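Below, chain A partners chain B and then partners chain C, in two separate complexes.
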Partner chain A sequence: MSSSMHPRSERPATRQPVLLLAEYSTTSHVVHAAEKVRDAGYSHWDTHTPFPIHGMDSAMGLKDSRIGWIVLVMGVLGLATGLSMYLYMNEFNYPIVVGGKPPGALPAAVPVYFELTVLFSAFGAVFGMLHLNRLPRHNHPIFESDRFRAASDDKFFVSIEACDPKFNLESTRNLLESTHPSAVELIEEKEAHSCSH
Partner chain B sequence: MSYFQPIPELGEGPLVAEGTNFKVVTETVSRVTERKAPRGWWICFLIALSLVGVFTMTIGYLFWKGIGIWGNNSPCYWGWDITNFVWWVGIGHAGTLISAVLFIFRQRWRTAINRFAEAMTIFAVICALIFPGIHVGRPWVAYYMFPLPNQMGVWPNFKSPLLWDLFAVGTYFTVSLMFWLVGLIPDFATLRDRSTGRIRQMVYGVLALGWRGSNRHWKNYERAYLILAGLSTPLVLSVHSVVSFDFATSVEPGWHTTIFPPYFVAGAVFSGFAMVMTLLLIARTVFKMNHLVQMRHLELMNKIMLVTGSLVGYAYAMEFFTAWYSGSEYEMYVFINRATGPYAWAYWTMISCNVICPQLFWSRKLRRSIPVMFVVSILINIGMWFERFVIIATSLHRDYIPSSWGYFSPTVFDICTYLGTFGIFFTLFLLFIRWAPMIAIAEVKGILPEADPHYDPHGSHGAHGSREGSHGYALEPQGAE
Partner chain C sequence: MSTTNQMSGGSNVGRRIYRVDPSSALASAWKVAGGIGLLGAVGAAFGFVRAHDRFAYSYLFAFFAVLTLALGFLFFVLIQHLTGAGWSVTVRRLAEFFMSGLVIFPVLAIPLLLSTASLFPWMSHRGAEHGESAPAEEHHSALDFLVRDANAAPPAPPSQPAVPAMRHGGGSKAFAEELEQAEHAEHAEILHGKLGYLNRGFFYTRAVAYFAFWCWISITLFRLSTEQDKTKKLENTVKAQRLAPVATILFGLTLTFAAIDWTMALEPLWYSTMYGVYAFAAGVVAMFALLTLVALAFRRSGLMGNAITAEHFHDLGKLTFGFLIFWAYITFSQFFLVWYSNIPEELTYYHRRWPVHGGAWKVISLALFFVKFVIPFLVLLSRNVKRHTVLLAIGAAIIVVMHVVEMYWVVMPNYASGAFAPNWLDLACLLTVGGLYLAVVLRNMTAHSLIPVGDPRLERAEHFQNA
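Right, the complex of A and B next:
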């Protein structure tokens, strides 16, 4: 992806711009800024907020989360695991007749199917979420900014990555300046940075 | 987790005290983990740790000697071990109810207490899980509980509720732990970003998984959280139902009833709320969090205890009715014996604590009195322990054949094991409130008025647009527009 980092020629070879960061102090400012960045047609950009803001997904033009499909697949897998455990262990490998029920009487182990469905679905939800978010990732260039520490406290941020095809140091900075930020900061790194999403 | 817009027509007020902003929330919650622990914390911690020592010694002796050191004997093969197991699992249920069920019902006041309650769930379930592990008496064959073949190639019986119990409680513990940890990710990020020392930065940095508050992440995060809440809701109902199957599928008079699953679930929620209340009242006072955990929250919890306490009372009455209506003389005898026999003292303790005590909460004045709710919450916990004891002991000690009747008395080792689990619970809990954010920072921020993108600090907010917004929530599917 480094080939898309076109402002390279404008900067000294040692420091590459990685992203532009704009800081806002209210939720309404950051939502309006997000709408502007979305309308300007950027794709590799994000907002960073201490809590999820209502309406931000549509302000950013994000599609619905795909995590439900992961959970569905895992849930079916859990159900199948429960059924096959029961059938293998109590019907085929060592049949046990208890309470006058035939060895493979399916209703007799419904709690097991149910619990395993829930367990696998929950694994799907948690690990699916981490996978879709590409977490854990402890080395993001955005952490270079000291200002960004407030993103988990009381400030709101918009970040536009330099690998975005529309990224231009001047025009992108102007776009962010026009959204009434309380600060705009350029983050540079020694090495070229590949886009995260 | 969307912002909260109070509806004055319904008598609703803001969920946090006036003047609470994002910064105040971060400060209040984080500083507990950053400052030196108060002296009271150390005193409690040392007491709890000594009880862990008591527990370790008791368990060591138990493994050395066998479960003969307990009071369990014919005909009471179950005693305090199973009583404590059911009691601790039940306590856990309020945590899940608060974190999952109230989340789905959009009860946003839950944000003040959910982290706390979830932690309680996990530690209570840890205490509960100890008992099935040790009550078999031979820890080296503890794997008998798991779906593994024994030395003769026989697998566990999937038609047995004891095996269902393993799956139910195991799943419950795993899902509760994941739910809790997922909720902690953004808050660990807050602690990471505030930390100055290298070690704190590293530890909280690792725990926060590199969370950067990205909205592309929040989107998946919130959906995952909603799904986990949706999964936990039937799960929590299933867990105590399955625990009650351990009793209900037997042919023991007093156990063999269909009312057990809902009755156990109501009792679990009841006792769990009481335990949350006890712990919350202490932590709220010690760490001065009155503006985040308000009287309003406590009052709502008391109302839930009133409801579930009355449900439990109804179940007690219904058991008697069913026994009489069944016409089975064994069934009738068990219940008459419960109320008038050798365990009548335990039965009436249970009735006074569980049915009569919470009725005080009909009065608004008593419902809002801290000393009253503190005492009542402890009495409810005692009462709910006695409920499980009454169910187990009264049914077992006199069943079908009078020649095998007996009486259960605990030994000092029963008592020490039970006290020891308190040590484990409080040690873990004290470590939690010392090192982890005990209130969900991100969620509380989300319900502040300023979290609303339509918020107008100059007063006219709520007049246009935002009221519509408050009916939706950030978790609603929001397609690209």
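Right, the complex of A and C next:
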């Protein structure tokens, strides 16, 4: 994206801050920065790195993902669906003896219970993950930054969103400056960006 | 803190030394285990003389329960070398100790190999290899007792009418007898076909081959690893990794055929094509559970320092959990195919273990599903449980205990009438085999470092993290 493709930059008067972005060139810098932001009590912020960094979860103060619970509930639901489907059909709706098995013989449909448990769990995992990541979404203001493209290459980033209750243009910038970034960038948009959670 | 460096030379400068303190209780634990083993052996010897048939089955149960575990540890070590795993270096030595106990199994097998006549009905059938020489009638009489066995087992399940009645609407008695005789002859025919494999000479040859391979590979891998503690040479790791692929294949073959020979052949008319995998799955899940317990105990004792972390328990927990599901999958598949096809010859196995002899076997069959699978499954499901020790230990302990129960359930229904009748000999034999095996394991623990301190990947293993 060349700079000529940023028509909004010609109307600076209407723009509002949506995001502060700090760039780091080493993993230890970004981990320490994350610890500082965590300790400062921010809630709407994130780190962006080209690969997973050990210890980042605790540096960011992340709690366990809720995805496990979603998968568990969906798995139990899948199991219940398989069991009740088989029992209803084979024992009540249309009892029929197949291969000498009495109607409603539980082992007969174990593959069905198993498959439905797995299928529902997998749906829970995929769609639950998308939901928790607030996906799909078409765009995010962070992509306004050309610098940010290095997040999938060789640079590490911390971003703090303006909708964070603790966000203050000056003090947040100072906080980020104190973590030895290689650059700090303010991203602005025409309309105020609303956090969706 | 009971670590000490009294026992080692100066080669571990600057590094922590993971040794059992020679004055600690653990250092003499092998004598206790050996003493219990010998005490059990006295009882077992009494049984060998006075109640030989019962002894044979009790001993086979104990032998197979411990052997599958020991082979599980061999599998673990082989797989670590096969994959070049770095994470497991800090727990690999514990597995190697339990693997090294395999060397005593040729000795432990002697009472078993002396009792084959009580265990395997086909053993007494001589000249089986030259079937053509004997007239067919003789075969019938020689194999009579086996066929009786098969016919005594299930008439058809209640939902299915008996075969003659179905074909002849009430059926003549003469026809039913005729049919029974025909089946009789057919069973004899089937058995006769198997005697090329199930005969005395080949059975003992195979047994020697299994033990030769297991002893050779466990001694070699153990030596390569412990030698590296002092030499710190990379080439020991390379050698072990070169051995691993072929050894893993041989492991699969020997375990499969050993399971067929020593337990499936108790009921020679019955067969399951996945029996070897079943024995493997049972042994490996029990091994992972026991390895988890041992690692937890050692970390608690402080002997391991910080070498074994929550990350390692997380991985051991994941492997236990994964193989538990694998075991359930295999065990259920074996049952499912037999149950679904509903053929009397195949049903005998589960028939013995379900309705025939009253409640106990049925209760154990159900317990294998609910207690060995469902409860540990629910306990070990959560990531947090795998990283924290108390619940992990409970889940692992249930699996280990149920492994012993399962092996009892595999062997004992073949004894006499198959009724559930626990005997003091079962315990005596379990103490003999378990005690003597543990004596070797514990003895090696006191003689070597508890962690492969010479392994070049140790540093990485200590700081390993699950992503």
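Throughout what follows, the second predicted complex is superposed on the first by the 182 of 197 C-alpha atoms of A that agree within 3 Å, B and C clash if a C-alpha of one lies under 4 Å from a C-alpha of the other, contacts with A are read in each partner's own complex, and residues count from 1 in each chain.
We take it that a residue touches a chain if its C-beta (ideal position, glycine included) is under 8 Å from a C-beta of that chain, and two chains touch if they have at least 3 such contacts.
Not measured: the values here are computed from a predicted model.
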Item to complete: Name the contact category of A:67: first (chain B only), second (chain C only), both, or neither.
Response: first
Practice prompt. Name the contact category of A:40: first (chain B only), second (chain C only), both, or neither.
Written response: neither
Practice prompt. Of the two partners chain B and chain C, indicate the one touching more residues belonging to chain A.
Written response: B
Practice prompt. Using the superposition on chain A described above, determine whether A:102 touches chain B (first), chain C (second), both, or neither.
Written response: second
Practice prompt. Go through the superposed model and pick first if A:55 touches only chain B, second if only chain C, both, or neither.
Written response: both
Response to the item:
Both partners, chain B and chain C, contact chain A at residues 52, 54-55, 64, 68, 99, 101, 108
Worksheet item: Which residues of chain C touch chain A in the complex?
Response: 156-157, 159-160, 332, 335-336, 339-340, 342, 381-384, 465, 467
Fill in: Residues of chain B defined as touching chain A within the complex
1-3, 21-23, 26, 147, 149, 153-161, 163-164, 167-168, 170-171, 174-175, 178-179, 181-182, 186, 189-190, 192-194, 205-206, 209-224, 227-228, 231-232, 234-235, 238, 242, 245, 441-443, 445-446, 450-455, 469, 472-474, 477-481
Practice prompt. In the complex, go through chain A and note every residue touching chain B.
Written response: 26-28, 31, 34, 46-58, 60-65, 67-68, 71, 85-86, 89-90, 93-94, 96, 98-99, 101, 105, 108-109, 111-112, 114-116, 118-119, 121-123, 125-126, 128-130, 132-133, 135-140, 142-143, 148-154, 157, 197
Fill in: Parts of chain A lying in touch with chain C, wherever the complex brings them together
52, 54-55, 64, 68, 72, 97, 99-102, 107-108, 110
